[in-house]
Structure formats: structure tokens, C-alpha cells
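Below are two complexes that have chain A in common, paired first with chain B and then with chain C.
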Partner chain A sequence: MAPAYNIAMVCDFFFPQPGGIESHIYQLSTKLIDRGHKVIIITHAYEGRTGVRYLTNGLKVYHVPFMVIYRSATFPAVLSFFPIFRNIVLRERIDIVHGHASLSSLCHEAILHARTMGLRTVYTDHSLFGFADAASILANKLLKFSLSDVDHVICVSHTCKENTVLRASLDPLMVSVIPNAVVAENFKPLSGPATSSISAGAGGQSFGHHHGPPPARQLGPHDTITIVVISRLFYNKGTDLLTAAIPRILENHPNTRFIIAGSGPKSIDLEQMIEQNVLQDRVEMLGPIRHEEVRDVMVRGHIYLHPSLTEAFGTVIVEAASCGLYVVCTQVGGIPEVLPSHMTVFAKPEEDDLVAATGKAIAALRANKVRTELFHEQVKNMYSWTNVALRTERVYNGISGAISEAEFYSYDAASAVAAASWTANRGRSGVQSFALIDRLKRYYGCGIWAGKLFCLVVIVDYLLFLFLELWYPRDKIDICPDWPRKKVKQQQQQQRKES
Partner chain B sequence: MLTTSPHLYIRRPSPTTAEFTVTTCPPLTLPLRLALFGILLLRIATVGLVLLAIYTQYVAATFTTATSPTTLPDLSLSLSLSPSDLASTLQALLSALLASPLGIWIAKASSHLPPYAFCGLSYLLLYISLVTRIHTTESVLVLRGLGIQTSSSSSSGAIQKTRFIPTAQIQDVFINEAFRGFEVRYYLVVVVEGEEDVVVVFPRLLPKRRIVEAVWRGIRGCLYEQRSEANGGYHFQGGNVWKDGGGGKWQQQRQRKVDGGEKGLG
Partner chain C sequence: MAPPSGLHQSAIPSDFEAGPFPPLVRSSTVPASLQTHRADPSHLAPEDAFAPFSPPRRSGLFDVGGGNGSGNEMQRQRRVRRSKEDGSRSRSNRRKRFQKLLWVKQSYPDNYTDQATFLENLQRNPRVQPYDFWPLVADSTVIVQHVCSVIIFIVCFVGIFQERVSPVSVVGWGSCATFLGWLLWDFWVEQETQGAAVDGGGPIRRERSVSCGRRGYREREREPPPPRRQDSSHLGLPTPHNASTASFSSTSNLPSAASSSTNLLQDHSQQRSFAAAGSYVTTGNGNSTSNLLIPGHAHSRSVSSVHSVASQTSAARAGSVVETEEEFRHRTTQPPQGRGRAFLRLEAIKSAVLIYFTLLGLSPILKSLTRSTSSDSIWAMSFWLLAINIFFFDYSGSWGPGIHKFPVGALSTNAALMASTVLASRLPSTGQVFSLTLFSIEVFGLFPVFRRVARLRSWRYHVILTVLLVMGAGGGVGMVLGEQRGWRSWKNGLLGIVVGCLISALAMGGCSWWLIGLQKYKNEIYGPWDPARPIIISRRHWDE
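Now for the complex of A and B:
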């Protein structure tokens, strides 16, 4: 039987802030708890959300305050987080630290400190990055630093894996791909059973009440086709492309209209475009919406248009397909891996091709060639958080040595000898050594100057750790009582029955 | 040696009253008493010396050196302790002290210091010897039907602060966790009706979880015993124990275990 772990998810991004990473962490944690593990989440304090909180299922969230030393002057972040982090890790008896998102500094710090404390670390990358501009170079260097000594990396798509491996110079074998999932029950098409459960929760939101055209199974040649766009209106989400494409699409196809939800710096451009072309009656701008309202907006349309320029996974297109929308999307990043070809029309990320692809999708819908009503069941079978949790658990087993290296990395014993070269500085099977000298070796390889700098940081961190062991001894730290764990046996039996 | 980590004393003068005291003071043995007495003497001596130093500075600032020889012969007179010339006697004593080797040494030492350093040093010494306390003691007194009285020394340690909360105003008593400095600590909280802030019991010591839990059980048991009998069972703390809903189940389970053990013993 697989051991039960105490896992700490560390990320700067968590509720109450909305977003994909936030819900990913929450869903994964909930499902891991269902599998009998103990999960806590460490994030920073948000306004009105500080201290230690419990969410459903006994998911404990630490909203770490920034240490304000004097007025608004804070301690250097890397150092001030360590005492609190150590305290939390010890009181919760954490075995595995799982960091999320490459832009979260808290996550990288936690991985560094966790390695210093001798814990297993996993890192999940949710986004793609470029290599060319200055900001990306800096971000990539930092990523390389924190990933030099991580035990395992999880990426949400194969494209994301490729990107991360290149950015952080990782061994591809230590990177797993575990896609995101959706809660299919929350994204049911209108015609499906029990549809009104969510719209009741929207609570008097104006758009929840004007009922758009329901997705009729048989579209007549003159029925209006509604195209939905839900995205934050930023450059990388392809809002410029959208601004250019909308007038042309509406010109080519008379009986179409757009619903655009989301906010961002590019919303002004969209509004200007609407006014210039006098499209107020055919383009509806909803502004920012909450995540639980997404489904209500989606079911008002027939086509989901996703013009993003870069995307690691694109949970939103899975949600759209689950709602029974035909998806038109740009062929960038991890998007082509996400949905089967019969649910999507791909376009190159350029104006002409996007207009052509949308035209193709409209034509296909008008010809009733696409069976959108089947999408929901298909998506439900493809993506589930339980599956994500299972696969994540396998990663935990692999890095903690519960399953052998050969099994984890799936190569046979013969090639294990050949692979010994790349596992030169690994201790036990598939497990990175915690010895400071081994860690320094790994960091030193990061670059001519960076390598030395990183080593310095690691040494300072180690000294700080020794100081903390003296100053706040381990036996003085209260141990937290665990939330009663779920029984795993029953669930395993259930899964056996299912399989 | 002089202090220990906070530990708990429970006093139950009657079944409906309980006092929980958390203190850093170890049990008073003879060596400890002697040491404490020594420290007290040291404090008195320090205060005396500082006052003397201030006086020498005062004398040096207001009078010229001509004053000192005139006061010297008064020493013999000071033996007649008539209340009428107490002031003059005191002055005589002071001047005698000033003239003594100790007084001269202090005057020298204090005149060497720049004025701000002298002020700072004397303030610091006076503060340490008059205000600070070696031991911190905080307590909570529970009287069934009346309420809870918490007492704690203020941050300087000199003044004892007490707070009485009548039973009618107590909404809940629970244990919570919070960030404090570089740590996450458990603390016992009384929610008072009509107040925005909760009252933290043992706010300075913030004892460990074991102590906090024992006190919490004691307070619940002492305040609400009637209710537990009505419920017909041992888990008198019932439902929402931990405000956040976190440890409630765990507490119940643990309570059952403890009770089970006791039954086994009995």
C-alpha cells in the first residue's frame, strides 16, 4: 500500500484571488486529501484574508504575513520566509513540498528552504515563457536556480514540458506531464440535466437572466450563431488578434454575434473597435466575471473562440467543450494537445487564418456536421481531478523512493546502468541527495557567475538553517493535530472495481 | 536557572471555581529564594547608586566646590534624629556619602560621561531595577455563574491588568492559531459579545498547545458543566470548539479516547 504523505502546496496565488492556478491547487489538494494524504497550502496574506484558515475537507491554508520590521520596510524576503516556513513545516510534519507557478517567488523560496531542510520537493509549471526578452532571461535564470535541486517537475502539457526543460536545463526524465482537469459537473451544457443549479448561485447578475439562444441541435441557415470569448484581455491572450478579426468575421457572416467576457488593459481597444464599426448590437461586452459564472456565459453561445498567443494548457477551452461549444483556437503552446480534433478548428495565430477558421466552424455548425451535444460526456471521460491526483501521487511515490527508480522512470535494468551517468549525483534510487556538497555541485553548474552566486545563496540559507535550529529548537515547536484522514482502502477497492 | 518554560498550576478551591495560572517561575526552593533575595538587594543597591549619581551631578551643576567643606562637620549632629531637622539630617547624610570614597568615585565616573549617556544609562538602570520582572505570571479565574477573570501583567511587567467577563457576555471559548513573529502559535480566546476584538487568555506567555488545551478543557468544564449533563455525555464541549471548524472532530475523538482511558483505569 502506498504511504500517506504530508504535503505542503506553496504558491503565491491562491483564493480569494481567482484564476486557473488557484483552482488547480485547490482541486488537486482536495483530491489528494480524498486519497488519504494530508495537504496544507502556504500562500501569502491577502487583504482581509490572513492567518490560518480551514477550507472544506480539512484543507488548511496558511496566509503568511510579510514580516514588517519597521513601518513598511520588510526583511529580505528570502530570509524572512525561512523561519516561518520552517515552523509551519515542522508543526505540520511535512514530507513533501510542492511548489506551483514559475512567477511565484514564494514557491521558489519554499523549494530552496525545503531542500535545505531535507524535504522532497516537486514543482508544477503552469505557464510558457519566451527565451528572448530580458524579463524572460531573468525569470529563466531564477527558474534554473530553483529547479537545479528539485526532485521532480510536473508540467501541464507536453509543450510546457519542452519549454520548461529548455528553460531550466533539466533532464527530461525528471519532468512529468500531468494535464489540468475540469470539474465537468460545473460545466454542463444547457440541454443537459440539472442545468439551473449554478445559475441560481449567480444571484441577480444581469446577464444570468437574459437567456440567449439555447444551443439548438439543428441550426437553420438563418439562425444566429453566438461566438463566446472569455479571457483576460491582455496582449498574450491575443486580444489584438481578436480586435482585428471581429469586424471581418461579422462582415462575412451576417447572422452571428459575439459575447466577450473578461477585463484587462486591452478592453479599451475592443471598445474602440466596436464604436468605429458600429457593432454595439452584435458585440456584447460583459466585463469581468467570476469563475462560477463562466458556464452561464458559455452556454449562451455555439462557438468558443480562443485567440491566445501563448498558452501552456488552456483549461478554458476544455470548459468550453464541456459546455458543448465548438472550439476555434490558435495552434500555439499546449493547446493542440488538449482537445481531440473533432471538437476544435485550429488557426495560425494571425488575423486571416483566424477569420478563415471561424468561418469554417460557422459553416460546419450550419451544416450540422458537428455533434456538440456529445462533447460534455467525452470531456468528462478525458479529464478528471481524481486522475490528476492519482498521477501526482505516483510522482510523490517516485521521489520518496516508495516505488523504484526503474519503475518510476520506466526503463529496464539494463539501461539503468547506462543511465547511471546522469544520476551521478543522486543518492538513493531516483532520489536526489541532500548532502550540501552535492547540492552545491548542482547549483554550481548554473553558469559562470550565476553558479557561484547561487552557491553563496545556498550556503547562506544553510547557515540560517543551522542558526534556526539553535534559536528555535525543534522540540519547542508545537505539533499540529491532523485532520482525520480519509480511509484509502475503500477508495482503492472502488477504483479496482471501476477498473 | 531562575526561570523555566511556562507551566500550568490549577487551583480548584470549590467545584464551581477554578484558577489556571501559567507562570515561568520554577518551584521555590531555598537556593532559588536566596538567589531572588540577592537579586532584590542588588536592585535596591542599583537604585541607590543611580540616585546618588544623579545627586552628585545635581550638586556639581548647581553648587561650586565651596559648598562641600561647610557640610562636613554636620555629620555628628545627624545622630540626633529629631523629626524637626530630618531634612537637614538627610542632607548631612547625603553630603557624608558624597564625601565618602564611593561618592567621590561615582562623582568622578559620572562626570566623565557625556550628559546624554549619563541620562540614558541612569534611565536604563532605573528601568531594569524598578520595572522589569524576572517571572511572568498570567492567570485565568473561572467562576461558574459569574464569569471569567483574566489577569496578566502589562508589557512592562509592573502593573497587573485584570479583566472580568460576565458569563452572559461570553459567546465562546476556543483555541486558534495565528502567526506571531516568526512562528505560528496556539492561543486561547474568549469571544465577548458586542466587542470587535476577542480577549486572548495568557497574551504574553502564549503557552504551548498542551497547556492551552488543558486550560480550555478546564474552562469549558467549569463554565458549562450544567450543559454537559443535559447533553448526557462526557463531550461537554460539543460542537463548534475550534472556531474555524478545524479541530472540532479531532477534539471530540481525543476527548473520547481520554475518557475511555479513564474508564479503563476506574
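Now for the complex of A and C:
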């Protein structure tokens, strides 16, 4: 069947730094290892983390010494990464280089060098960018540069795909949408489903309801409804909206209270609001919490309020729904795609609408119309990292020719004629040609001046590659022994056949 | 080989299917005709995402059904093929419509791009206001005015330098014009005050935005003059004028020090409240030369008086600035208007005389300021400084606080004064140096204030002023460029006027037309990925 690949994940952001991208890379890597691939991670050196490290499951992490300039992103020195990158890639016999995050310069450099070395490249975009301000224009130009010559791009939501396609002028067909996922086991609601999910894990999902549905949490008309907010308190997370909405929500609904976790520059506004409206007993501010504690905070509430102004995917609302919370969120970015409508109440990013939506959610909960106790199982079926790894594997298959081009790009026989001319450009089986002249053609289209500049950079990169081949020949580089690969694949296929 | 649809075959709970999503208009199987796709110009079609070169564009996918019959034929074949594929599996496994959702397990590959929904929320140029030609031309007169006044200054310098014009006549005419301008200003102020008195003597209400409207202007006038207050509270101090004189002397002495005094000028405009208003009163009433100096002066005085008042009443007041202002206003409303006006006039004349004599005293020092520097450096330097003046000049025409975070106006004025200082240091005699420096203060310090007031006052004055300036600049350039002297130079001047008017008209019209023409390249893209702009209503309830 599909071959096993040697994959290098490259990103500036990785553990020990906490965050969404970091855990995405880690989870995806471990699940890919479970599927029999070999995965290494290349990141920059963090304080106390240098050299080569092994994580669970034989996941190897290279901490490359690099200067960090801003929010743990490395200095974009375009060519200086090449020697050590080449060395790692050759040692580990890498086939596919998979970069993450548009603000990580390490990722973009790795994609450029990997193409020079003739490797397949994939890029995953985790964030949304606008087109208006100067910083975005510059960032988009650089993204266009590095994505001019990439084999495939993965985005975490359809909105993110549209954004990336526009930003980097990509063919929409070479952009896949593969969402994030959650580790549902880490986000269980308090009671009921705990037992049923274990039995589901043992006896298959269809038997999850063997014990009957978990008991519904009945809310009396006078029970206190707790609204949880967990977010960094920044402008783009909508903290201003939250600050404006909280007093009105609490005024309209007597038996409600808020729990707010997170820190940031806007927390002062929140505290001021609490003091001015004398809401100390109804709004609890927990301050910054660690990711492990998120679930423990979430299960204390009934409603999760997410007032963000921009969001590519919004993992946190999936986590909240997995914890059995009813989600009230603003309808921005990729959020409307993430959860089904029976789990969410959408609001426009306006104060009035947010208050109204929260009121609707409270009323629905009080009327016991929402079966929040079922959310966990449903979310577990929707999002899993195994599924993400499966779909990412299909991307790898597509770009390395294991899946035929026609199938990967869902060609039909009829359009094959039209595609013939196109294939000439792409080289064999749906894969872009590595010939320098073809690569230069792609970079040249980046802009009147930028195109020429990028071509220059690519040529210098190629010369550097030739120099490195002479100076440090391939046969002088040791091949490192692989961690024993897993054989889980066949079991899984058998399972699939059975189901 | 894992077929893509096979990945997503796991049963979808019926719970999920019943979402209230509006049915999509088209599915991918319906041939997408190009016409309907282009019906809404504000929506991008997917093919717009392609760059012409990279990555290689594939035709045939999106151009299917592009008008000719072959497209439909292809589409039919595709459908046939697809149904064959599906036929191998169960009949119920028909392709569902593509939904732009992540939680649904769809029978489409991950890189499927749905033509109906892809980029459907994209907006192009939703908030663009088209420019009109004549308003643009009208707005450009402000720039023309300033450029012309700079040109006139240069012409005067060249005239003095080549000893064609007597420096005394330059500064004499300039001062006369300034004095006339001041009289006019004073007259307008008088009118406004009377108009305000007729309007009604309600309690003075200060608007937060002291923008260029007439009302703001009137309020400024209604404001009682602060210096009165200052003199009573600061009687014990050595005369504040000494301090101001000192600061001014440094202004003319070292170019860098010029920034200090003009920064004061700028500072007071940033002071939002009465202090700014008071200093504006002074600015208006001040004679030509005093204007530059007095505003900062008045400002500092009024601020100090605020402090004194605040300290006096600190027990009662909670330290709120607004309340202090209130207090201050109550106290200063006591001196009658007429007396305050006369006092201000006197003050202005006094300052003018002071500046006059200070400059006179400093001129010998200025003369030898840059003796060790070559003339070429001075020309280059003054060119750049005047360019800075033109580019950073505050053309906004509004008097509000907090318009610019960066004080561009101060930079501009400083650059001009420095240019005039270095230019003046090229002149051979003390009288010439004195004249040019005084003239530069009039042109760069006071004239912009007058121009701004005239523009706010009446559009007709503004146009007349513009025409006069253009003619003056054109004529001056013509006379300076011509070699001849005597009546021939007047002929050259006439020619210069004609050419200047032509050039300025062409430039104004041409640039406006050009700007309008450039609008077609405007391509702002908005979509769901942009950060939303929160609409918060109750903010003002607790923000203030």
C-alpha cells in the first residue's frame, strides 16, 4: 500500500513553549508515527532545550541554535540555515519537509532549501491575515515567495484556505483543508460520559449508547448558570466586547455568574468594569492558567462564551463543546465552520447581539432544550488526531506520487486533455518539477521587482547547495539509525474493513 | 491506496445532518456558467486567485462550460463517469452537496474547491468613496498656497542676495502686509465676538472637538483672555517676557534651538482646553512678529495659572483637570471683553517690538554663523529643509487637538526657520540678515495662521489669496530668472505670472485627474478573515 515516509516537521514554535501550533505539531507527529512513518521535528533552541532530544513515541526533535528576535520567531537570515538543515535532512533521509505557521521564518527557509535539494514540501497555515496594513502586505509577499514553490498547502479551515489562496496566489486545488483536532480524552465533562467513553473505547463507538444516553443535566429555573471565558485578554480576542457585555448579561439574568481565565493587557479593563459595577461576587477572574487546567475550569460552567474578533479555527470552542458546554461565539473567521449549530449560538461581533445571543443560550439551557451531555461523544466523533493524520497522509501520498495525479486532484477523464498541457509544467505524476529553470519561472511571477529579487535568492541558494555538495559531500554524512517503526497500520486497515 | 471518499464513509449521525443550513444554490455537478459567476462583480471567482505565472494554472477545471457546447459535453461525461464510480458502491452513497463545514465528514477530498461557495464572502472595495474632480482641485489650493509662499521667500532671498532688491523694502512690505493681515484678523475676531453675543449669552459650553467649524472658532473667541489672569497671579515673578526673549534669541541664534520655541507653539495646540484657546486669541491679536512667540508664552502662563488654581483649590477639587478648567474659566470671565482685547493688542505690539530688537541684536552673530561652511552645502541644506517644510506642513486646516500623533507642524516650521537662518548667514551685511530672518518669521510663522483663518472664514478670500500668491510667485521667479534690470524685468515678471498661473492650473488639474485615474487600481479585499470591528455601544457609559 502507501509507502512510509520520512517526514521533517519544521517550525519555530515547539515545546517547551505552550500553544496551539505546538500541540498541533506534536499530536500530528505522534499520530503519523503511529501510522508507521518516521517523523522528526526541527525547531530552534530554547533555553534549556538544545541539541537533539527524543520525545514519547520515538519522536526526535532537533533544536537548531538560532537567534530569536520576536516572540520566539528566529531571525530571517535566508541562507544561514541551509548547511545544518542539509545535514539533518541527509542524516535522517527525509523525503518530505512539512513547515508550519506563517510567522515562522525557519519554516519558510526550510521549504526553500528543501525544494533546492529536491524534496517534497508541505506547508500548514494556522492563521489569518488581512490585506490592508503594511505589515500584512510585507508578510503576504514573503508568504508568496516561499509558497511559490511548494507542493501542497494545508489550511485549518475553509476561511483560512480562502485567505491563504488569496495571499499567496495559489491554485485552490493544491490547498487542502484539514482541521485541527482535540484530544477528547483530555476534555471530558464532569460526570456521566466518563464511564460511557471508556466503554466506547473498548467496545466500539456504536456501543457507547449501550448504557443508555448519559443522564441529562437538569437545570432548575433558579439554578445558577456559570458562563466560562478562557482566552488571552487581547484586543483581537474581543475582550472589549466582553467587557461591555458582561454587566448587561448579568443585569438581564439574575442567576448567572462568570468565570474568566486568562491574562493580557485588557485585563485591567475587565477589572475596572467589575469594580465600577460592583460585580465582584458574580465575576471570578482566575488569571493565567495552564493548558492542563483548562478542562478543570471549563467543567465548572454551563456556557462557554467566545467573543473573539478573528480566529482561523478556534480549537478552544471545540474543547469547550467536548467538555459539555453550550458555546456562544462570534461569527468571525473560521468559527462558523467548526461546530454544528445545535452546540452553538452565533452572534455578530456587536455588543447588543452578543448580549442577545447569551440570553438565548441561557434561556435554552433553562428550558433544558440543549442536551449538552451528548456533546462529548459527538465532538469525539467529529475531531480526532488520528483522522487528521490520515488525511495528512493522503496529502503526502498525493505529492509523492503514490496517489495518481488524477485522483489526488480529482481529475476526470474529460478534463485530462486540458490537463495535459499543465502536466508538462508539473513534471511527473502531479508533482512540480525540480528543474531550476522551472522553479525560477514560478518565483518570477511574484511581482515586478520582488520576482527578480526572489529569483536571485533562489539562484544563490542553489549555488550554496552546489558548494555544500562539494565541501561536505553526501557520503561523508552519517546515516542515523531509525527508531523502530510501528506496525499498527495493518491493524487499523483491518479495523476499517470490519467497520 | 486509500480512496478519498473512503476516508469519510463513516456514518454521520443523523443528529448532524439536521443542521439548519440554507441549501446551497448549486452543487458542483451543475455546470457553472461563467455568466452567472460574473454576475456579481463584488465576488471573486476562483480563477481570480491565480497569479499569471505561478503556480501553473490549469485550465479546464474552472472554465468548464465557458459558453461553448464542449464544456457541457465534458460535464456530462464527468457526470457519467462519476455515476459509474458511485455505482460500484452502494446507491445510497451518492455525493452529498459540499458544505463549507469542518465537523461534517464529507465525501469530498480535502483539496476539493467548491465553485459555488469558494470565496463567496469576498468583497472588493466595499468602502471606497470615489473622488470628484472639482473638490479635489479646490483642496489642492492649500498646497499651492504653501508652495507659492515658499517660492516667494526664495525669490526674496535671491533678490537680496543678488542685491536687486533692497532688504529694507522686502521686510517693509512684508511687515505692512502682516500688519494689514493682523488688522483684518482682528476685525474678523470682533465680528465673531459680536455675532456670538447676539447668538445668546448662555453658559459657555466647550465642545470636545475644536475642529475647524465656525462654532469652534467662535468659542475660541468667547474665551476670556488668559494673560490677564496670569499677570495677576504671577506678579511676583520677573517679567515673563524676559524668558520669552531669551528663548527667542536662542531661536534665531542656533537653528536647533528654534525647535524649542516652535515646539511650544505646537505644544499649545495639543493642549486641548482653554489654554489652547487663550493662546489662539493671543495669536490672532498679536502683531506680526509677536505671534510666533506669544502662543507658547501664553500657553505656559495659562498652564502655570491652572496649576496655581489647582493648588489653591486642591482641597476641594479631586484633582480632575476638567474641574480645574471650570474653576479657571469662572475666575477669568471677570475681566470685561473690551479691556481684555485692548490689553491683548498692547501685548502683541510689545512682543513685536521685543522680537524686532532681539533680531536686530542677533543679526551680527547670525551673519558669521556659517562662514566656515561652503555655499554649496548651504544651498543643498536649505533645499532639503524647505522640502521638509513643504512635505510635512500641516495642510489639514483644522485646529483640533490630537489630529497628529507626531507633531508634523512643528517639524515643518522648524525646518523652514532653520533654512532661513542658514540662508541668512550667507548674506554679507547685518541689515540683510536681519531683514531676511524677520521676513522668514512672517512667512513661515504667521502667514500660515492667517491663511488658515482666511480659509475658514470665507472661500472667496481663500481663492483670492491663492491667485495672488500664484501670481506673486510666478512674477517673482520671472523677474529673478531674467537677467535684465529696469522695465525689461517687469516684462519678465509679467511673463512669469502667466507661466506661473498656467503651471499651477495644469498641476492642480493634472494631479487631481491623475489621482482620480489611479483609483481604478484600487483593490481592497475584505473577507471573513479580516478581524471584525466590534460595535460597542455602552462603552461611553463607563469609559468617561
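Note that the second predicted complex is superposed on the first by the 450 of 499 C-alpha atoms of A that agree within 3 Å, B and C clash if a C-alpha of one lies under 4 Å from a C-alpha of the other, contacts with A are read in each partner's own complex, and residues count from 1 in each chain.
Keep in mind that, in the parts below, a contact is a pair of C-beta atoms (placed from the backbone, for glycine too) under 8 Å apart; a residue touches a chain by one contact, two chains touch by 3 or more.
Keep in mind that this is a model prediction, so the values were computed, not measured.
In the superposition on chain A, no contact is made by A:G99 with either chain B or chain C.
Once the two complexes are overlaid on the shared chain, A:L241 sits against chain C while remaining clear of chain B.
In the superposed model, A:G324 lies in contact with neither chain B nor chain C. When chain A is checked against chain B and against chain C, the one touching more of its residues turns out to be C. In the superposition on chain A, no contact is made by A:G301 with either chain B or chain C. Shared-chain residue A:Y54: touches chain B; no touch with chain C. Shared-chain residue A:N163: touches chain C; no touch with chain B.
Residue overlap on chain A between the chain B contacts of one complex and the chain C contacts of the other is empty. Listed in rising order, the residues of chain C touching chain A in the complex are 1-4, 7, 10, 13, 15-16, 19-21, 44, 46, 49-61, 64, 73-75, 77-78, 81-82, 100-103, 105, 109-113, 118-119, 121-122, 524-539, 542. Put simply, chain A touches chain B in their complex at residues 50-54, 58, 60, 62, 64-65, 67, 80, 83-84, 87-88, 91, 472, 476-479, 481-484.
The residues of chain B lying in touch with chain A in their complex are 5, 176-179, 182-186, 208-209, 244-247, 249-250, 253-254. Residues 1-2, 128-132, 148-149, 152, 154, 157-160, 162-163, 165-166, 169-179, 236, 238, 240-241, 244, 247-248, 272-273, 276-277, 309-310, 312-313, 330, 332-334, 337-342, 348-352, 374, 378, 381-383, 387, 390-391, 393-395, 397, 402-403, 407-410, 412-415, 417-419, 421-422, 425-426, 432, 441-446, 499 of chain A touch chain C in their complex.
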